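Dropping the structure in here first, questions after.
Labels run A, B, C, D, E and F following the written order; every chain starts at residue 1.
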Amino acid sequence: MGTETEASGGAFAPSQATLDGRNADIYFARSQEILAAEGLSPTVTMETFARRRGLLCGMREVEELLRRALPAGSEAWRLPEGSWFEPREVVLRIRGPYRSFGLYETALLGMLAHGSGWATAAAACVAAAADVPVISFGARHVHPDVSAQLEYAAVVGGCAGCATPAGAALADIEAAGTVPHALVLCLGDTVRALQAFDRHVDPRQRRIALVDTFRDEAEESLRVADALGDRLWGVRLDTPSERGGVTCDLVREVRARLDLAGHKAVRILVSGGFTPARIAEFRAVGAPVDGFGVGSAISAAPPIDFTADIKEVDGRPTAKRGRLPGIRPNPRLQPLDL
Amino acid sequence: MGTETEASGGAFAPSQATLDGRNADIYFARSQEILAAEGLSPTVTMETFARRRGLLCGMREVEELLRRALPAGSEAWRLPEGSWFEPREVVLRIRGPYRSFGLYETALLGMLAHGSGWATAAAACVAAAADVPVISFGARHVHPDVSAQLEYAAVVGGCAGCATPAGAALADIEAAGTVPHALVLCLGDTVRALQAFDRHVDPRQRRIALVDTFRDEAEESLRVADALGDRLWGVRLDTPSERGGVTCDLVREVRARLDLAGHKAVRILVSGGFTPARIAEFRAVGAPVDGFGVGSAISAAPPIDFTADIKEVDGRPTAKRGRLPGIRPNPRLQPLDL
Amino acid sequence: MGTETEASGGAFAPSQATLDGRNADIYFARSQEILAAEGLSPTVTMETFARRRGLLCGMREVEELLRRALPAGSEAWRLPEGSWFEPREVVLRIRGPYRSFGLYETALLGMLAHGSGWATAAAACVAAAADVPVISFGARHVHPDVSAQLEYAAVVGGCAGCATPAGAALADIEAAGTVPHALVLCLGDTVRALQAFDRHVDPRQRRIALVDTFRDEAEESLRVADALGDRLWGVRLDTPSERGGVTCDLVREVRARLDLAGHKAVRILVSGGFTPARIAEFRAVGAPVDGFGVGSAISAAPPIDFTADIKEVDGRPTAKRGRLPGIRPNPRLQPLDL
Amino acid sequence: MGTETEASGGAFAPSQATLDGRNADIYFARSQEILAAEGLSPTVTMETFARRRGLLCGMREVEELLRRALPAGSEAWRLPEGSWFEPREVVLRIRGPYRSFGLYETALLGMLAHGSGWATAAAACVAAAADVPVISFGARHVHPDVSAQLEYAAVVGGCAGCATPAGAALADIEAAGTVPHALVLCLGDTVRALQAFDRHVDPRQRRIALVDTFRDEAEESLRVADALGDRLWGVRLDTPSERGGVTCDLVREVRARLDLAGHKAVRILVSGGFTPARIAEFRAVGAPVDGFGVGSAISAAPPIDFTADIKEVDGRPTAKRGRLPGIRPNPRLQPLDL
Amino acid sequence: MGTETEASGGAFAPSQATLDGRNADIYFARSQEILAAEGLSPTVTMETFARRRGLLCGMREVEELLRRALPAGSEAWRLPEGSWFEPREVVLRIRGPYRSFGLYETALLGMLAHGSGWATAAAACVAAAADVPVISFGARHVHPDVSAQLEYAAVVGGCAGCATPAGAALADIEAAGTVPHALVLCLGDTVRALQAFDRHVDPRQRRIALVDTFRDEAEESLRVADALGDRLWGVRLDTPSERGGVTCDLVREVRARLDLAGHKAVRILVSGGFTPARIAEFRAVGAPVDGFGVGSAISAAPPIDFTADIKEVDGRPTAKRGRLPGIRPNPRLQPLDL
Amino acid sequence: MGTETEASGGAFAPSQATLDGRNADIYFARSQEILAAEGLSPTVTMETFARRRGLLCGMREVEELLRRALPAGSEAWRLPEGSWFEPREVVLRIRGPYRSFGLYETALLGMLAHGSGWATAAAACVAAAADVPVISFGARHVHPDVSAQLEYAAVVGGCAGCATPAGAALADIEAAGTVPHALVLCLGDTVRALQAFDRHVDPRQRRIALVDTFRDEAEESLRVADALGDRLWGVRLDTPSERGGVTCDLVREVRARLDLAGHKAVRILVSGGFTPARIAEFRAVGAPVDGFGVGSAISAAPPIDFTADIKEVDGRPTAKRGRLPGIRPNPRLQPLDL
């Protein structure tokens, strides 16, 4: 989401390369040339759907793209960003001169595919967590040029927070974070790292200690709670798999030892390999978790494959083999203000 | 990969948002502030590795990022782009002032994760296809801002071609394509669409007919071969799942009917849901395929999760709990020319 | 079911080879000789049952056999043809001189085994199809000397039709059929074949077009519907596995394209590898099928193994090891009028 | 296999109902009428194949049928009875006036399907039994009008014997048998039954005692061996499932107890639910079995589905969709002497 | 359970080796020495729990051990023998000078582990058998020095009887038995063995015949029932696996043949490989069983691993890593009268 | 293993309760009475075998029992303690007056069953561990009256050590141990506990620190190694499941951190849920383990069920149904010196 795109009209505006068609499958560009050379300009109706259920995300970018592409007299309808869609349900219908928007099929399918894949996966985590907040921590698994879109999609899917400023800006929230292992290692001690954080960071930011870097989590939690007192908002357990990962019993024990030492207000966040199934397991046994940090369960979700089909040409129903000719009515579609 | 990045130094240069740290997890920015406020500037050694085997891709972008970030006196070593790496093998080691590069951990991990995930998946398809070329058709499943990186990674993984001009530019090849279903539907007949293509497109481009839009594939193949004669380079079978998808028997029959009609030179490309297993099955039974088009098997591959660990601080071996302190020697690493 | 058997007393009369004992296990013939040589003629009660649930078929042939075999004073009880029987439920009890009927154990068990196996399998298809008719097309999988019995059993199991005149005669219905691929191939075109059928076959026979021989099913359906107009009763989809077989989506699309062209009255029959599970799947998703043609799911059903046990000898309860001595009461049994 | 067929030319001659076409799918009869009415008499080449590997049986009946159907000038080639055929290998090719043989497609496919299904299953049992003979005991599971064909097929598959006179005649061997449970029950004692057999049955027939009717098999074996002395050829164990069926240990123990009592020459046959897997298990542990009686593993084998395809019409290659046009060469085919 | 222990205070008193600490893990003895040498005598609270649900057995022995070990002023609470306990539920809490009881941790855990493992397994058999009694026959699978404890545990688990005098004494019941195969073999005939039993054994003992030694069970049951008349209480079926084991059908047939011969009062006991699943299967099909003899399903049950944790030292809550510090309240605990 | 038994003839002598027959199934006692009352004293040959492969243990106790039971003129043969036996291989043959030893069938089978079950399980652990020693730590899972036999069996199975003095005495080795969690908790600190151990325990005993009680294992290992210096023989990792258990990575990291700090001579022992599979996994990845402590994998092994069969009575071969009459030769048997 480069600076030029923001300049040209808001956070969801397409990049120049997309507008130029450089990101389009080349046969779409050639089709434009052929139609022009033949002197043809058919008006077509194109419908877009997926084959599995999901949570729609990426539509705001698609809307910005269509606003730039479609000439006056064109029409479009779509489900709003954040809608659940059913298998084969039409989520987008465009009616206009094929030569005005045919080039953007690759881009608009890609926006919906990546965004809806991430948002749907995030929603599964959020559903499993019930009333406990979920934070998206997966920016490090995707290319930085789409990490903001990933985090935005996670928020569309129900996440309460995300970690990068660019992602947070897109989602219109504040970025969230604790301290990285790197800072603790640089300072050589967890308590020292948190004390430095406490000295220098805006007091409105929460003090959250990462407590698995050097010592046992329970021991470290007590040390940092004693050191920061009421200013400690919470601790984060990110125990590596080599130490067994974060378990329900570990959370319970840290909670018990904090409580026994009088630190009942200190919250416990967990991270490291959490999936909907594992979140649900923690919930089912009543592990006293105050927040789940989720990475790969969202960032590695496969894109949801969307298909765009031409269903009318110059007003006549048509379809390729395997599809039903003519539009597929969907009363949930809303007209797009172009 | 917007225009501004290309202006600032080549196709693999980082975007401005990455350089600004807007795409970084916010706790890295805060760590920089804290270290600065404490007056500390530790020299650290950071190592990066993955937990599973894969084909390294994204390193050229990482190199460009490090060249911009690291001050004189810093050092870096890495495996070259396109290397196979083993589980836990160090693929990148950076030694320098933590404050110069700590902010870029999110971005460099993301470049490697996404790129290596795609390249590794592509390599599996290419291995299955043996001497038959594989073309990457997956741009439509990913956000347009990373579709070029996807296609580049597919070529690093051994693909012979890709579909978008931006991706092809990154990979230093020509984009490849046939005709889309949309053009056939606009023109109302496969033969008519191919004849238009033949009239208007540069004769150096291959004439490849998509033959499943309106009629049976075998029937359509014969019609278009009769119409274009020697100028037809090949046909592409992309039979929808509603018609059973592309099967080995279908390829054999189209081949037999083309041969019987004297069109032995016409090639047969296939696409639609091909995975390494299905490619291998086609190869095992000797289906006469001249090219495989692959989409989701590459584009939906999960990123490969990379980890960055600090292993030395000011010359002393260290490590967080769960890791071995000190650098992990790897004779395959090559120094990076900064 | 040869001519001599029909001459000797109706469609269900046993063949001469069966009456002669040539089809009997030879040890039954030897047992008769031994009892005769010993001057013994025990009166025995024999009961017949199967070990699994099923639909009884073959009993009408058994009745004809017993009428010819049992002397005055004998008695027999049985469940009527077409009854469901439970595991180990007695379906037939014979009380009479062992020397009069012992020889026929092989034949009567075989009649029940083959007939009940087929009828039970047919009933499973019919149950899955609910209110959509099922036609038996499996004569080609069994020896012609029992194909009539197979088709009769299919009708006992609830099928609405069958394909051979001999089978139809046994079941007291009319044989049903469309046109074979062979006729279409001989005439070189589907429309031409149907027009010839239409010219020469009794107008009371339904015109049903097989539409997968030369072109895509949807294309061919429209061509033949346009050619025959109101006289076309329906089309049959028998798509080969090499083209993906018949799918729910194919049926839906053919229906939609026929309707769009104004051929709403044309029915759609399907055939090719249908099993109860696949029929149920078509029904569950609401595929607009007007008839299922079933072959192997009925014709390849394993026979149901029946056992005949002697339970009384000269009025005394007995049984071989593993069985309970004495008759096993079954109030559902009805006396046979000998 | 009724008397009229034997009168008209040998054991493998078709029945009158088959020759009349009453056993044919009715659409074949209609196709004949249509071609006649149109004044057409195409010469066609039809090929027959199956989709899985098997042992060919039923071809001798097919040959007799073709000899009666094909006019002078026709040609046919086939694999000989008892050949193994591969998936899709052509086993029969007919070239002649379609109107002379089209009616018999149902019958000839059925002969091959039922016969090859049984023969292939028998061959699997025989292979598992290695040098121990296998006897077919399955006549009671099939309709008596095809029990002779079943037993003939079992012998084609390698069985050393079968149980009915009609089946044995077709296979050109003697029928084999022991005594039925029924005789033992009628006489009230195993020894008494065997003594009666011994008194009255031709001494050239083997004396084989069924030893599980009233008492423990080991006890009964010793009683009957003591009673008949050298005249006892063997015992048969047919233990019911209620008594655990026949086990390897039971065979070993009966062998040991017979040997200990000096009856080393008495053989042991086993029956009851034997499949290739169970036969192999008995062989693997060295159970001292001298013969396996097999029923359902052969008689319940599913028919092997054969397909007949027209591949040439009046000399031109053709084929329905899904098949390769033109004949499929097979050097193993042998011309049939018509 | 040697004589010296009985002398020193009842059937549940610990052996001398246990009291001496010879059966204790040696590091407990060393810990005692170290604390003594350091002049320390901490008062500790130790809690004991298991990780899975079970039926508590062995606690009466633990109580006797603690009565001998704990000095005045100590306290203990426990669930009573025969209680069901939940995963992690505290079943025993001891508070006293560590030096008085630390040495006995090995012994008391072992008593509970072995006893509760057996009792829990027995309870599963008893639950499956519902109102049919279960007898423990497993003494032969365990060392004779603990066979009495095994049988006692089986009775705690709900068994109606056991086989050894020592076990019966501990459980305060009479030992139960039939006749062994050995006696039948020594006397050479089942009837002869039972007649000898009948002549010489106290008439108050039940006459139960083992009926699978020499002949078929049904035959032998009738012989012995005829021979002993009203004095025969029941028969026991212990059919070896070589003869198929005891099956539901066998029980039904023996019942039917006994009833047919007028022996309706003779009971049927079964044994040989019975597990809860197999008992449940016999019950589900209504097999007429009057008693189940169970061996390995109880004797081979794995011990239930118990853990003893120190939770307070000199009044302060503590715990090792992984456990919650301080006592874990359990209102079901009852004080032990020391 | 009470004092009275040791007094009466060595560690393997039977207890008085065993000699009295109180631990015998009561029907053996009754059989003795019946034979006596009948005036019978048959000489019998009894053979003992198991149905699965195993490592023989318990035979030394059986030998002592037989020496006390058998009168002059009797004979016995057996495989020696510690032999591997095959399924159904005879491991013990006794020939003598049945009345002298019949009573001990329960006891001798139990000795072999329990001992061989444990020894076989231990051998599987030892095989997996290859050249790394295995120590038996399972006394706490079994009743204290058989814990010595368990530990002896573990040593027969190849274990290098065991934990109780009684078990060690039986196996003729020294008991081994570290410090219990209890001592560390009593002293409040791992280093303090080890220093106390070091002060007071015989210097010939190895100093082995348990390092998971209060802090992270790596941290604690370094603390105790620094405190004890060369006197520290090793550390034991017994990480609870709540902390992820002991992992290969944990062992590697502790090794690396000890080495880095110059403590290369300190050994690492592991315990907690080790099975043969998990031991093999540690070995396969080269985890630097110096000893495995095994509990439940040995102590919870099911007993191996042994069967005793009478095979001769007064010189005549016999056997119950299901067994081969007469002795089963085994050249591996060795005569027992009675």
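Methods note: contacts are C-beta pairs under 8 Å (C-beta built on N, C-alpha and C of every residue); 3 or more make two chains touch, one makes a residue touch a chain.
The structure displayed is predicted, hence computed values, not measured ones.
Colleague: What are the chains that subunit C and subunit D both touch?
Modeller: For subunit C paired with subunit D, the chains in contact with each are B, E, in label order.
Colleague: Taking CA centroids for every chain, report which one is farthest away from subunit C.
Modeller: F
Colleague: Kindly point out which of C-D, B-C or D-F repeats the D-E interface, defined as over half of the contact pairs being the same residue numbers.
Modeller: Among C-D, B-C or D-F, the interface that shares over half of its contact pairs with D-E is B-C.
Colleague: By CA centroid distance, what chain is farthest from subunit E?
Modeller: Most remote chain from subunit E, centroid-wise, comes out as B.
Colleague: Looking at chain pairs B-D and A-B, which one is connected by more C-beta pairs in contact?
Modeller: Most C-beta pairs in contact, of the two: A-B.
Colleague: Residue numbers at the subunit B-subunit F interface: does the shared fraction exceed half, giving same, or fall under half, giving different?
Modeller: Different: fewer than half of the residue numbers at the subunit B-subunit F interface appear in both copies.
Colleague: In whole angstrom, what separates the CA-based centres of subunit A and subunit F?
Modeller: So the centre of subunit A lies 58 Å away from the centre of subunit F.
Colleague: When the centre of a chain is set as the mean of its C-alpha atoms, what distance in Å lies between subunit A and subunit E?
Modeller: 59
Colleague: If I count partner chains per residue in subunit F, which residues reach a count of at least 2?
Modeller: Those would be 214-216, 239, 241-243, 249, 253, 321-323.
Colleague: Viewed as a graph of touching chains, is the assembly arranged as a line, ring, star, complete set, or other?
Modeller: Shape = other; not a path, cycle, star or full graph.
Colleague: If two chains touch, include that pair; go through all of them.
Modeller: Between chains, contact exists in these pairs: A-B, A-C, A-E, A-F, B-C, B-D, B-F, C-D, C-E, D-E, D-F, E-F.
Colleague: Flag every residue of subunit D that touches subunit B in the complex, lowest number first.
Modeller: Per the touch definition, subunit D meets subunit B at residues 317, 321-326.
Colleague: Applying the document's contact rule, which stretches of subunit F touch subunit B when the two form their complex?
Modeller: That would be residues 216, 218, 249, 252-253, 256-257, 260 of subunit F.
Colleague: Using the touch definition up top, name the residues of subunit F that touch subunit A in the complex.
Modeller: That would be residues 214-216, 219, 239, 241-245, 247, 249-250, 253 of subunit F.
Colleague: With touch defined as at the start, can you tell me which subunit D residues reach subunit C in the complex?
Modeller: Those residues of subunit D that touch subunit C are 1-5, 14-18, 21-31, 33-35, 37-38, 40, 42, 44, 46, 58, 98, 102, 105-107, 109-111, 113-115, 137, 139-149, 163-166, 168-169, 175-188, 196-197, 199-201, 205, 212-215, 239-243, 295-296, 299-300, 302-303, 305-306, 310, 313, 318-323.
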